[in-house]
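You will see chain A twice below: alongside chain B first, and alongside chain C after that.
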Partner chain A sequence: MSDIPRMNDIRSEVVRMLIDVVGEDFLLDVEIGPGTTFGDDLGLESIEFVALVDRLRAHYGDRADFPGFIAGLDLDQLVNLTVGDVVDHIAAQERAHA
Partner chain B sequence: MKARRLAVPSLLDDPGIRRATTPERRFLFAVPPLAGHINPAAAVAAELGRRGHTVAWTGHRPSIEPLLRSGSRVFSAMEDDFGRRLPAIWNDWLGLRRLAALRFLWEEFVVPLGHAMMPGVEKAIDRFRPDVVVSDQLVLAAPVAARRREIPWATSATTSSEFTRPLADMPKVEAWIRDRMAGFQLDHGIEDLLDLRFSDHLVLVFSTGALIGDISFFPDHFAFVGPALGRCAPGAFPWEWLDGRPAALVSLGTLNGPSGERFFRVAADAVRDLDVQAIFVAPPGVVADPPPNVLVRAQVPQLKLLERLSAVVCHGGHNTVCESLSQGVPLVVAPIRDDQSVIARQVEAAGAGVSVRFSRVRPDEFRTALATVLADGPHRAAAGRVRESFAAAGGAAEAADRLEKLA
Partner chain C sequence: MPEVTARGLRFHVQECGTGPPVVVFVHGLAIDNLSSFYYTLASPVAEVGARCVLYDLRGHGLTERTPTGYGVSDAVADLFAVLDALGHYRVHLVGYSFGGAVALNAALAHPGRVAGLVLIDAHGPGDGPGWNEDFLNRLAQSALKLEHERIADQLLAFGERRMSRVAATADALLNRTTLLDDLAAMDPVRPAQLTTLSCPVLAVYGQHSDVADAGRLILRHVPDCALHTMAGHTHFVLPAGTAEILEVLLPWLAHHAGTRVPAAGAAR
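Entry: the complex of A and B
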């Protein structure tokens, strides 16, 4: 990985958006890291997931292609989707379009 | 062949012009052990019975019988082992959300239910000899059994979520579900595979385009008949408690564990200072010290109560949503799992309500949402449009007409 600082930036941006969507007070005893799952760990509801994707799209633009990312995942991958998976996807898209 | 008339009937005298009568037919309803899936089918079955047809049921007898009028004929179709596991299945299911719940639904419920029902459904068909099998969307055994015996079968879709292709953005998940159905059919010797959720003879959908959205592309054998409402649940209600202020019902269907309890507490906080009355359908003790404008009841006569309500807050169960809209009552929907977020989106897209979070809803979110739909504005008007569409669709009578044509 040539661009670890950029990865760290993306990770903190994604975590910030997640906290905005869920609410900081609901995450007091959760340490959000790359391995945190949206399902089991955060219990993200459909409304919250939609809100998160809206924020990601607004921030990273259509080039980040979240619909394409989601469409490429199978059921088990979607159930176990982590913050790190999303960060990796954004970083890969940025490299591809750099 | 029709009986011959011996005299020319008078136009206006009794019996006047009659509805064309159809010969008596036999209908077998195959249902899962889920009340929300049985009740609309029971309303259709009751209408068929009124018309002189013979109706029987097949499925998990202890789940079905309490929901039917006494004396209904039920053919047990459930291997003991699966029936015994049901409470544990419900318990595990309640802990799951979103796609984990969907995976569980198919792997641990729908497919095993299909296998567990298969022998009983075949026996029911052989003994009852139905002209038509009516299969709930979640009962895989009935379409397979009907096809093996070359009997026409209809789908009973008690939720309309599948008609908006909710997983269109996750094609691999759609394919995974189709694979479950393919495996089930191959296991039972059917090689000409169908999507067992959609009969190629008749699909009864208990909603209309006013709520679902565009339905113009569905073929004619998809019948959007609107809600099939049954009898109002019995139960006393202190009608004098309603003092004329706008009243809202807060109901989560079957209780959803600790997060359901939190939801009710937030709801109580949210309405405390509003000039409304709220009826919570919840077990006693869930809300300690409810404010004076909140009434907590374990059960309510929901259909009758809806006539007096200005809003309904619910989890997005299809039946409660459609009952509310059939009275033109706008909604706040807090979807929990399964099809509920799809139904919540339908309600929002139709303009007949708004959605809020379930597990993490805050009092101010709740209050804002409720105040929005209570304001006598666009949401009420949209709910009224859905009501008119439902009323025009015909409900149980239209469903019975379509089933008679199939027989």
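Entry: the complex of A and C
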């Protein structure tokens, strides 16, 4: 069963890390929800997504296995990856290691 | 951001997997950075038992941009300085496009430090005058367009943030550094030099690539060489050709670098 308050916390943390990577000014104009894509909606450069993954790893630790998560996606899935996909992955890993 | 300081510059570096062997990825010019390997070849190579090192070349990706120092000899010095900072001595190099030229020149400059070379649609080899004229002309045309048509600003106005940032990086490199002059001063790697390469080489070229002649020179002159031609592909073999490259790269690394033999059909 998903833990809604925890999911909201994780989403806030992910958005904070996004702001670190792309800057607050840009994100002020964008409403970020679970369906927001990193590519089309946020216009994240691929190297910025690498930087975001670094922050996610630093925050959630290697047990969240982001390299494995990314390696498991094909290119279409990567391009269409959403904020919700990342939040779900983190929450699932936390439940698995709880 | 993981980074190392080498030759007084901050280089963005990513490492994954455990080795030995150590496999170092060297990306292409201007619009390229380490992410093109990060999302394609690095994870599968790490999975078969290699320590993968990816870094952004000077002025590219998240590495510092300097006004000068974009020639191949500086790029080779940068590469070995980054490896020194990370504590890696003998490595396998995988280079794409200009990164292939860097890898090839690195193997010629320090044969004791390069155990094997994978050259993916690599620039560098040439046997006559004007060997890289087309390449330089294309870059110069891009430089003019980026500056005079203010492409980065226009893309941003259309809401294309990602492409705008890619264009802005290319504009800064091509119009506000010595990169074009440094490349114009670059010498080709001639057949006589190719014959002296002591390490095994895997060359992978697109069938319709504008640098396919370089692949043929490598096959003809490098003593220990395999050439794989990618049917239907142009110079831009990544990311579209990722699965096909892995099908030749992983068995080659298993044979020459001692990584695990991948399970059949494991390459995506």
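What we mean here is this: the second predicted complex is superposed on the first by the 97 of 98 C-alpha atoms of A that agree within 3 Å, B and C clash if a C-alpha of one lies under 4 Å from a C-alpha of the other, contacts with A are read in each partner's own complex, and residues count from 1 in each chain.
Keep in mind that, in the parts below, contacts are C-beta pairs under 8 Å (C-beta built on N, C-alpha and C of every residue); 3 or more make two chains touch, one makes a residue touch a chain.
Keep in mind that this is a model prediction, so the values were computed, not measured.
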Clash or fit, chain B versus chain C on superposed chain A: clash
Of the two partner chains, chain B (first) and chain C (second), which one does A:Gly39 touch, if any: first, second, both, or neither? both
Between chain B and chain C, whom does A:Gly23 touch in the aligned arrangement: first, second, both, or neither? first
Now for A:Ile47: first (chain B), second (chain C), both, or neither, which partner does it touch? both
In the overlaid three-chain picture, which partner chain does A:Val15 touch, first (chain B) or second (chain C), both, or neither? neither
Pick one for A:Ile70: touches chain B only (first), chain C only (second), both, or neither. both
Determine, under the contact definition given at the top, whether A:Val79 touches first (chain B), second (chain C), both, or neither. first
Tell me which stretch of chain B runs into chain C once the two are superposed: 79-87, 115-123 or 349-357. 349-357
Counting contacts the way the document defines them, which residues of chain A are shared by the two interfaces, the one with chain B and the one with chain C? 26, 39, 43-49, 67, 70-71, 74-75, 78
Quick check on the complex: what are the chain A residues that touch chain C? 26, 39, 42-51, 54, 67-68, 70-71, 74-75, 78
For the chain A and chain B complex, residues of the former touching the latter: 22-23, 26, 39-40, 43-49, 67, 70-76, 78-79
Where on chain C is chain A touching in the complex? 1-2, 14, 16, 33-36, 38-39, 43-44, 46-47, 56, 61-62, 159-162, 164-166, 239, 242, 268
Complex contact set, residues of chain B against chain A: 97-100, 102-103, 169-173, 176, 335, 341, 344, 355-360, 362
